[in-house]
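Below, each structure is written out as structure tokens.
Here come two complexes built around chain A, the first alongside chain B, the second alongside chain C.
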Partner chain A sequence: MNPARLSGRMKTVSMADRTLKKEDLGKLIDSVRAKGGRFVAPALLARQVVFRSVKSAEEVATGYILARNSFKEFLFPQTEVIAEFSMNKDSVGLKGVEVDAPETVVFGARPCEAASLKGLRTLFTWDFVDEFYTKREDKTVVITVGCTSGDEACFCTTVDLSPESTEGADVYLRETEDNGYTVKGLTEKGKKFLDTHDAVFTSGAAKERPLFKPETVPAVDLKRVSERLKDRAHYDDPVWAKLTMKCIGCGACTFVCPTCRCFDITDEGTAFEGERRKNWDSCQYDAFTLHASGHNPREHQPQRWRNRFMCKFNFYPEKFSSKGCVGCGRCIRVCPVRLDITEVMQEFSK
Partner chain B sequence: MENILRQKAKELLSSGEVKVVIGYGWNRAKTRTTPVFITDAADTDQLVWNPLCVNNLSVYLTRKFKDIQALGKPAIVAKGCDIRNIAVLISEAQIKREDVYIIGMACQGVVYKQELWQGELKPNIMPTKCHNCDVRDPHLSDFVAGEKADFTPPEEPVGMVFDKIRDLDSKSPSERWAFWVKEFSRCIKCYACRQVCSLCYCERCITEKNMPQWIETSAHPRGNLSWNLIRAMHLTGRCTFCGECERACPVNIPLNLVNQKMIMVVKDAFDFKSGYDEKAHPPMIVFSPDDKENFIK
Partner chain C sequence: MDNIYLPYLAKIEEIRDEAPDVRSFKLVFEDPALRDSFEFKTGQFGLYSAFGLGESTFCIASSPTRKGYIQCTFRRTGRVTGGLAQLSVGDTMGFRGPYGNWFPVDDWKGKDIVFIAGGICLPTVRSVIWNVLDRRQHFGNITIVYGARTVADLVYKDELKGWDERSDITPSRPWTPARDPGMEGQGRVRADRIGRGRAFCEEHGGRDLHISKFVLNSLLKLGFDEGSVYT
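Up next is the complex of A and B:
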């Protein structure tokens, strides 16, 4: 990414519609909850900042870089019932389940993770409309806050995003020097949300804090990555093993990733009564592609890692014209063996 | 010490005695260590040794890592605590003693999590295991790098894990139950605890046995509880308290409490501590006429 182009764009985002004072965040939460909505925000849980449903402004964390989880779990829960079944001597009963889709406000998301929504939407409406996802997303207002801090795992600028990207967001906030926010409605949904809760907001100028823009990872060329991945020749390249042999095959990276969305269908209960569930799954598990025959097309961990990388930098962009990776860096932070996806991006930029 | 390590690794690879050295190297920014697999004597300068070398690399000796096994005989850079896991792997017939070259690292302790490192190893960033370590001079090694440590572990174990266990033990069963249900409720079933553990070497974990599904795979309270309990039971008498599962857990479940408690139970019941003698079998897989059996009432 050209740094000049980026800093040029940065100046364009300053025309805020409204301001939200620090002390008025509680009023916004009350206002949303009074209308029966759920207010999801980064809050402390077991010494971590995570997206949770909150009831008051006191619960909302400040000074965090990024929540441990992505907010995708409020649109695509880790486990959910999609049908119920029962069976007795005379009949078999199958019952669909209504989607539990409350009005939801996601507050304090980062611009990187909001950019994952396009890919999730495309996938869940690809050849079948998965209402368990779409109905929830339709009822969710995503409020992003431009980053004023980051760490060495952040790499949004390397995947053509930045702290002032607005992709996927309905409302965009910037922190102000007096701990409040400037507020800008972006989508129809976002503008309607601001109008609905208009009484909470104020107007007037406020001095915005400078944004934190991570440096781009050197020697990464996304076009080149994509080109190399399109060429099947890389498939058995020993470089996969060299870079990813240390992967222990846990699913932590995929579960914290805002764009990963693979799931498994499982039945729970007895033979006579039970429920069908949709649970998160991970391409990093050896049983993910295990066939009933016993054959496994991705038998080795480096092959499974290759698949995850292909999904992000080839399948998503090629098939859905959307981002497979938003550069939030969660996978790097959470990895028990510190496998860094940007090092693989560098290798495939050669 | 780093130089001694690199020199030894170079010798082993040059002579052909081992085909790969499993050790620690830097990440790109040199802010964190990460496992490295050195197969060329010319690359041994990549090896590093410092208090950020937290990973228990013995996991790479297990059959979960067929690609690494395929490289040939390994040498492994191991702290005393890591060697305890290797001893269990040997006692459980997962590897033969002669099939691995152990480079034991005399150790002054490591950080609990790498993110805590600010340039100095202070007691408050070290895990409980380091405060009570009795293997700072590594046992069972083919070669030891570094000087004998000037450290005697306290007679009564100290540290946060033991404090918390005492606290939990003083509570009623229903309070303890509530505590664990709450802690396990955060589990996201990523199985990082299992994957990072060198003693979780089953090729097919019980959670993957689905005809019938013994352990519910859903990350709901019932599924989370059954997963975490079954893992605790499967590690009882085997776990060495290396702490990798707690370190790897993305949602901060205090797994060290579970594992240390089970270690204390086994110590009481069988007077056994795992990982010191590679010839001794874990008590839960052997029958001994000397077993107390005082649980039969």
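Up next is the complex of A and C:
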């Protein structure tokens, strides 16, 4: 991890107008579930905090920095059936599948990862509207909680976000000294959600805990990174190999990344019937760009890493005017060879 | 729900073997309404399904000027194309599209056009060629430059012959390394002629040419404007 990262405390003014008491979280979960919805929150699983569907407040983790996975998998599942087919003697039966989009509450997301939603939405509605995504997102209320702790992998402030950012969130919470939350409705969807559950989101104020604000990574200049990436002369720069040769291409960074959204479509089943599935894919896999001819335009791992970095800091911002990287640091935490994207940002800030 | 991943079903009306492992399908949509309403632009691609094996991407090889059907040409190289190659006339497969960019053919009206393609890349260009030939009166001189690794690898052999015989196309016999002793099996393509005379050929007279990488530079040297080269 980037050793120069420091931590700091933020003094901020809350604009919250309601509170959620700690003992009322269970009521909220019950209330959402009673209406047929699912309540997704960070919970302990195999000694790791991960986003999962929970049934009670006891399952909801506390004291976590960030769930290990991104909540994107509840909007864009790792695998899902998109069609079913059957093959008869003279014909093929083909049936589309309706998206399974329950009312969903994502609770306890961090402000950084919620900022990924704009990019995902833009991608899944670009040219064609992917209703498998949009219908789920439309039915999801994202409740973020401002961070009161962080670690060396956090770098939201380096990509112009902070624990106070509200982009992508419907409701923003701050932890209070009595282990509850102050509550601010941000979007119409969020405000409606608060009204629907006004028995637990009561009017009032409480003393908030100070937010944790990661220091910006030194020597990173996003504008300079953007400028340098525009000129494709860097494609053959040996610096890519120097920085990323140790990458083993496991793809873990792309799976935990809240903005990565590449997928592949495959068929599964027998010779007579089966289903067509949409599965997460990763630009870090060697077969990702392998042509049928055997030619692979990204034959070596540094070329795949270059693509990932370009996607985050050139393609996404240029094409969709949205953030390709939200500074959550998940990729840094899960990388088995300790590859740190902020070090690449530093190199391309020169 | 509008499921953008759901393919259209299409019957294979005709199969043509173009070259070793290269096959063309003429596809007619099962939905009669779709046969009339389906539109695409020349150069666009689709995803072709062999159900149970998946879908694979390649271009629409026919021209949008030909209504009621589409054609595709593919080389059997993997799981999906291997499955497609086992289908017969009358079988059903899937098509999803059209997707992607297209060639702005209407912007070329009144201009001379040089088509350059190699090997299995001709299907994409073929869509453009027929689009132009079907509206021949709108365009200037037309030259087609095409080559392949071997004579056998040339696709659309009948059409190549037809184009060669047309008086309104600058004749361009396909080049293959087999015609050039010492170049057999080199996997290279050499361009023969283009509309502005033989300078191009003369410049590359003794040299082979990897078409996608070097053609642009060669065209620029010949005085073509970069903005007038489309890929």
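Brief remarks on what is shown
Here is the rule we go by: the second predicted complex is superposed on the first by the 337 of 350 C-alpha atoms of A that agree within 3 Å, B and C clash if a C-alpha of one lies under 4 Å from a C-alpha of the other, contacts with A are read in each partner's own complex, and residues count from 1 in each chain.
One rule holds in what follows: a contact is a pair of C-beta atoms (placed from the backbone, for glycine too) under 8 Å apart; a residue touches a chain by one contact, two chains touch by 3 or more.
Note that the structure is a prediction, hence the values are computed from the model and not measured.
By the document's definition of touching, both partners, chain B and chain C, reach A:T266. In the superposition on chain A, A:V334 makes contact with chain B only, while chain C stays out of contact range. Taking chain A as the reference, the larger set of touched residues comes from B, when chain B and chain C are compared.
By the touch criterion defined above, A:D130 lies against chain C but remains apart from chain B after alignment on the C-alpha atoms of chain A. Once the two complexes are overlaid on the shared chain, A:A252 sits against chain B while remaining clear of chain C. 266 are the residues of chain A that lie in the contact sets of both chain B and chain C, per the superposition on chain A.
The touching residues of chain C, counted against chain A in their complex, run 1-7, 9, 47, 51-56, 75, 77-78, 81, 90, 92-94. If you check the complex, the residues on chain A that touch chain C are 82-83, 85, 87, 90-92, 94, 96-99, 128-132, 135, 265-267, 269-271, 274, 276, 278, 292-293. Interface residues of chain A, counted against chain B in their complex, comprise 45-48, 68, 78-79, 152, 241, 245-246, 248-252, 254-256, 264, 266, 268, 277, 279-280, 282, 285, 287, 300-302, 334, 336-340, 342-343. Against chain A, in their complex, chain B makes its touches with residues 27-29, 31-37, 55, 59-60, 64-68, 114, 183, 186, 188-192, 194-196, 208, 210, 213, 216-220, 223, 244, 247-248, 250-253.
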